[in-house]
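Next come two complexes built around chain A: one with chain B, the other with chain C.
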Partner chain A sequence: MNGVVEAAGVSKWYGEVLGLNAFTASFGQGITGLVGPNGAGKSTLFKLLIGQLRSDQGNITLLGENPWNNVPLKRRLGYCPEQNQLYGWLTGQQFVEVLLRLDGMPAAKARVEATAALKVVGLSNAAHRPTRGYSRGMRQRAKLAQALAHHPEILILDEPLSGADPAGRVHILRTISDFARDGGHVLMSTHVLYEIERITNNIVLIHNGKAIAAGNIHAIRALIDEHPHAVRIDTAKPRQLAQALARMDHVVSFEFPASDTLVVRTRQPDAFYRELPQIVSDTKLEVHGLESPDDSLDAVFRYLVG
Partner chain B sequence: MSITLPTYSRLEIPLLGRRERLWAIIATGLRQGVRRPAAIAITVLGAAFTTITSIILLFLSFLLPAGQGTGLSFFAVPASNPFVLFFVSAMAAVIGSGLIADDIQSMAFTLYLSRPITQLDYLLAKAAILAPLVALVTILPLLLTALVAAFLGLLSWTIALEAMGISLVIGGLLTLFYTAVTLFLSSLTRRKGIAAAGVFAVNFGLTIPAGILAESIQNPSILYLSPWNDYLAIANAAFGASGAGIDWPVALAILLGVTVLAALVTYVRMKAVEVITG
Partner chain C sequence: MDWTESFRKAWVVTDLTSRYLLATRRVIATALLAAVPLILTLSLAAARVAIFDISLFQILMIPLFLQVVLIFVTLVNATALIREEIDDNTLPFLLTRPISKPALVTYKYVGYLIAVLVLLVPPLILAYGVTEAYRGLGFTTDLDVLWGFLATTVLGSAAYGALFLFISVLIRRPLAGGLLIGFVWESVVGSIPGDVPKLSVIHYLRTILSHVVAIGPLNGYAPDLSAGVAAGILIAFSIAMVILSAFVFQQMEFRQKAG
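Moving on, here comes the complex of A and B:
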């Protein structure tokens, strides 16, 4: 057992709901993607790793230590939660500074490190604006900044790309890659396989609280390509965008669930994600958010687990 | 060919002490309070009303027959000022009810606890936000009244200092009680409105019916159910005033017991807060 994260038969119940079910996996160095649909147990695993939950059964270690109630270990990790956090009236700079102060960083040092971290995630220009005015993608980057700012050994990122706009996604992925290239470890959850594929080949598939597969990402790619992949796009002009996207021959269908939302289904997600920025740029339509509902991944998991 | 992986070096920063780290939560909480007009209004009005009425009572005490005016026992009167009950409830509801509930709702709690602090640290910081504000109503007016009385020569400094000491103890007890109970209620819900309603229910929902019931069935023991009446019994005894109908040791035990129990349950509750997100 010498992985960055080692989990052996870990189970966690929330009353009668099973969050993790004898979860066993070993996450090595570098970037590892934890892929699974909503409700699979990803956040539960992360809360166990950051010491906020205690497993009901089994053993789990992070960086070789038991995370439960392990206050010194918390200094070695950076956690980026999925949900929007803290107080909207704080500016991005204050948000990161407050959390650095909780790490025990002196005020002057916290100011410097917060500024540097916000620069890394590309939020320098918005650093002194209240975070309530941030787009969802900007909030994701601010949360990534607070996770990075104290120079942890490992980043635990819960759906860091959720809701981020195309430019924000690129920035987040680049930041994560740079962190890993410098020798840091990253554990990142997502329900969109194509996002994680850009930065790592190492994945762990989780479903119903169990690790059902681990290893190279390409092995399950073929399976996923058989299922149309859904992408939800937030834009003020969904019909105009659909018109522009219709020229992609791999697009299967469009839906307009709300006046500012477009859901696209494609058989070639790679191509879709590659071509989308150019189309958005050419048509000068604004895209405020991009998200992949997990129904396509869910179909794959249903296939995998029979 | 061999590959050498880069070695990541952590930024080693001397870890400041627990007090400094908790101050980050306290300072953020106070800044949040300062941003809300209702919180400022209720704090300023509470401190002003209770202090002014206490000092007015001080001057009115000279209208009483000789022997019943100013003395240590006089301080039982401002200590039982109904404005204290009203403003403590209002402050607990407006400021305290959201201290934990808002953090659970926004999941800031999860983010806080991803840092090197414990649940106990978090709770202590939250208590340190609310308690000083409540003390502006429970302790400060009594201290100022004693100071004014001593400065104007209405009381000897000996009695004034004694009154101030007692005020610190009984006011501190009331402050701890409301802080613990408010945080407990705030930890039970994600909606601060529910916690705020709980604060009023604990105060007025127990005090008023207990008073009516005790009167109607001529059984003062019912008053033990009311935290305010427990406090009055302790305050009257401490200042040497005539009794409030119930025994102060029992009242003290109840008030202390509920305070400790509320704090313990809140701590256990916070350790068990879990959010199922996936």
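Moving on, here comes the complex of A and C:
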């Protein structure tokens, strides 16, 4: 057992609900993507890794150590939770600074490191604004800044792209790639395979609390591509945006579930995510957020597990 | 152990907690309630009530301040310390830093104590000052009364806060449990014969206060303990409750939104 993360037969119950079901996997160095639909067990696995939960069965280690109530191990990890709540009365700068000082950093050094981390995630301009006024994408970046500001060995990121706008996604993915390039390990969950494929081929598929596939994922990707992939876009002008997107020949359908929401189904998510920023820029339509409802992925997982 | 680093962490959590309690919207309600003694004395002075003096101050403050204001302010703030961070999903930010859970609970409790005393002490001192000024007396004339109330405020805040903190790590809806203990048990326990009243915080607060206040609700109250022993019991109780809270918190798992 010498992986960054080693899990052997790990199970976790929430009463009668099974969060993880004899989960066995070994995650190596670099970036590992944990992909699965909502409720698959991704967050449960992460909470076990950061010591917020204790496994009911099996063994799990992070960087070779048992994470439960392991205080020294926390110096070596950076965690970005899925939830977007921050301490709203603190500014972004204060938020990162306070958490750095909990690492034992002197105030002056914490200030410098917090400023640098906020710059890395592209939040310098909003650093002195209270975080309660941040958009979802800005909150994601503030969470990422606090996770990497103390220079951890591993970043554990729970759905770090959820709700981020296109520019924010690019920034977040670039930050993660740079961290890994500099020798850090990253464990990142998503229910959107196409997002994570842009930065790694090293993927673990998780479904119903079990790891159902791991490693290079191209074969499974081919299966997934057969299913139209849904993307929900928050925009003030969904119909105008749909008109602009209709020129993509891989787009299958549009839905307008609310006056400010557009749901697009595409057979080529890669191409869609690649071309979208240019179209948004050309048409000058504002996009406030992107989400990928996981129903299409869920269908694929049901297909994969028979 | 690096004491400088430990002190730094203690200061950060304490400061974060007291600012959290004093900077969020809850402070409007708690500050208004904490100001009731001052508002009341100002009203009595403005209405030029003839019998308004230090005796009336004591008669009013025992039921109003000790049994309502103190309990409510400590309940609202102490139950927010841990439970609100769990509900708000901000706890993972603290729990993924190199600080032990028992230390986190202890430092948060200190932060609570600072915040609650900031809320409770100034209005109490000002209310006393208004009372003495209304009678044309100097601030130090009845200083023993002020010291008695200040001592019960500090010790009551510590004891109730520790008790409500313990409740908040034990149950998901600590406000309901706290209300039951704070406003039902603490109110009726004094009427129960035998040694049962000793199983309440208010018994020891009354004991301390009865050594300087012998009128109103404490008229004829015969304490079976010295003020020092009662204070010692409250301090020991507070420490025990914080240790128990830290122990329970150490074993707690935080599911939040399971994925």
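Rule of thumb we're sticking to: the second predicted complex is superposed on the first by the 306 of 306 C-alpha atoms of A that agree within 3 Å, B and C clash if a C-alpha of one lies under 4 Å from a C-alpha of the other, contacts with A are read in each partner's own complex, and residues count from 1 in each chain.
The rule is simple: a contact is a pair of C-beta atoms (placed from the backbone, for glycine too) under 8 Å apart; a residue touches a chain by one contact, two chains touch by 3 or more.
Everything numeric here is computed off the predicted structure, so don't read it as measured data.
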### Query
Does the chain A-based superposition show chain B and chain C clashing or fitting?
clash
### Query
Just chain B (first), just chain C (second), both, or neither: which does A:256 touch?
neither
### Query
Regarding the shared-chain residue A:29, is it in contact with chain B (first), chain C (second), both, or neither?
first
### Message
Contacts for A:184 in the overlay, against chain B (first) and chain C (second): which applies, first, second, both or neither?
### Response
first
### Query
Looking at the overlay, what does A:109 touch: chain B (first), chain C (second), both, or neither?
first
### Message
Applying the document's definition of touch, where does A:151 land relative to chain B and chain C: first, second, both, or neither?
### Response
first
### Query
Which touches a greater number of chain A residues, chain B or chain C?
B
### chain B/chain C common contact set on chain A
14, 17, 19, 38-44, 47, 50-53, 69, 71-72, 74-75, 77, 79, 81-83, 85-87, 89, 98-99, 101-104, 106, 146, 158, 189
### Message
Which residues of chain B touch chain A once you look at their complex with the stated criterion?
### Response
5-11, 13-17, 20-21, 23-25, 28, 32, 35, 106-108, 110-118, 274-278
### Query
Contact residues on chain A for chain C in the complex?
14, 17, 19, 38-44, 46-47, 50-54, 69, 71-72, 74-75, 77-79, 81-83, 85-87, 89, 98-99, 101-104, 106, 146, 158, 189
### Task
Within their complex, state which residues of chain C touch chain A.
2, 5, 8-9, 12-13, 16, 19-20, 23-24, 88-90, 92-101, 250, 253-259
### Query
If you look only at chain A, which of its residues touch chain B in the complex?
14, 17, 19, 29, 36, 38-44, 47, 50-53, 69, 71-72, 74-77, 79, 81-87, 89-90, 98-99, 101-106, 109, 113, 146, 150-153, 158, 181-184, 189
